[in-house]
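A, B, C, D, E, F and G are the chain letters, set down in written order, and residue numbers restart from 1 in every chain.
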């Protein structure tokens, strides 16, 4: 379930949830109109900063800010790497 | 009364109070003229930061700044997630 | 004398003094020309931050900066909620 | 010599020295050309911040920056209220 | 494998991975269209800041931000020198 | 050699060295073309900040940044008052 | 090898390496086209900040940022004075 990357310090790698492709009424949403998802699954977790252990774990579904993190491509997948402080909540 | 989300660190999830739909004189206020409410009910509370326990509790009615927090949609409801420092007072 | 609100942390609720409605010479000042008062009475006081007890008390008359605080309406009154650090002095 | 106001924390109330009304050659300086004085007498002193006792005392003549402090009017006098850190030196 | 430079404090010297010269379809990419690589190999590591030992080691493949670091030319090679905090993860 | 002013905290009073009035070739430099001197003699020294004793002493010749300090006129002389951190070196 | 100046705190005096006057092909580079060198030799070192001893020593060849330091002229030579934190590495 996790991936073979070790985030440094208080960083977390998140796989964003796929955006909805249809509206509730069944209308297909063109790519540019899809809102960037703000929900994802944690794939890798750093060791935290000194005296600040991490709270999230691999496998957690998390909510994060619209502009949180940096996009990275590793092992054929697209992920976001962000600091734990950018994560709002565990759902 | 609470919802099944765990805010991280010093974050709090607040359900904003519904804005008034009529003026005192009974005039219906169109949606765009309603002032964004600054009062709400706490729905979930994080564990706080190290050495800084949280003050607000689930169920408290709180006042917060006009631009505080980020809107999130979970379990079919619209909430604000904010830091406890964005909350001014418990009413 | 106090009101039933609990400010969080180092916040203070102040009731601004009414602005003068007439000049010394008796001329009535229109509403827009009245300078926003910078003097008020403390109505509620938070518990302070860890290791920083509060100095002002309910009932103190205080001076504060022209742009200090946020306006709130509670229990039918208009108040300012500000941090104690925004208060200059007790008169 | 002091006035009946208690500045909070590390604040100091200073009575600015009167600006010179004449040049050395006896020419009367119009009000707008007078340079704002940067020298004054301490009228009231706060209790300092935790672990930082105050250095200036009531009655000291001090030098301060051109834009230091906020003007306040109390007990019929015009004063500046500033932080001790805005005071450069005791003359 | 390392180079004969000693970065100061928490700095790290990274040799950026060569950018792809062809697209998957075999089209040669002109120089200006190549995206600056964000992956490289650590060549030298500082001693860290007091009480903050370094995590990355010489030889690690690391991911870093698009604008991280400063380009330097030493011993005939082009490297980036950056702070460890600019490194996102070890691959 | 010193003057009768007590700088507060980590402040230092410096008498700027007179700017050269002639070039090496003997040409008189008009006032506006003289570069503001960055070298001066320490005239008074504060007590330092808590746990940070002062390094410079009265009488030291020091180098400082082009825009360091504030000009003050006391006891008929023109001086600069600056923080010790604005002083680069003792010559 | 050193010069008779004592930098304060964590400052270092560096003598920039002379810029190359010719290209590899022997073409003389006009003055304005020479890139400001980013390599130099340490000439004097401060005592460091409390609890932060200095790492560089007089005689070290160092790399530093393009805009690091302030130019000073002392004892007939042109030097840069910078903080040790502006130095990237010892070559």
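Things to note:
Following the convention adopted for this analysis, a contact is a pair of C-beta atoms (placed from the backbone, for glycine too) under 8 Å apart; a residue touches a chain by one contact, two chains touch by 3 or more.
Which protein is which chain? UniProt says A, B, C, D, E, F, G = Co-chaperonin GroES.
The structure presented is a predicted model; accordingly, all values stated were derived computationally and were not measured.
Counting the residue numbers used at the interface between subunit F (Co-chaperonin GroES) and subunit G (Co-chaperonin GroES), under half appear in both copies, so the two copies meet with largely different residues.
If you average the CA atoms of subunit C (Co-chaperonin GroES) and of subunit G (Co-chaperonin GroES), the two centres end up 55 Å from each other. Centre to centre, using the average C-alpha position, subunit D (Co-chaperonin GroES) and subunit G (Co-chaperonin GroES) are separated by 44 Å. Of all residues in subunit A (Co-chaperonin GroES), none touches 2 or more other chains. Starting from subunit D (Co-chaperonin GroES) and moving next to subunit F (Co-chaperonin GroES), the ring of contacting chains follows the order D, F, G, E, A, B, C.
Those residues of subunit A (Co-chaperonin GroES) that touch subunit E (Co-chaperonin GroES) in the shared complex are 4-9, 11, 13, 44, 46-47, 50, 70, 72, 74, 81. Contacts from subunit A (Co-chaperonin GroES) toward subunit B (Co-chaperonin GroES) in the complex involve residues 38, 51-52, 55-56, 63, 65-66, 84-85, 87-91.
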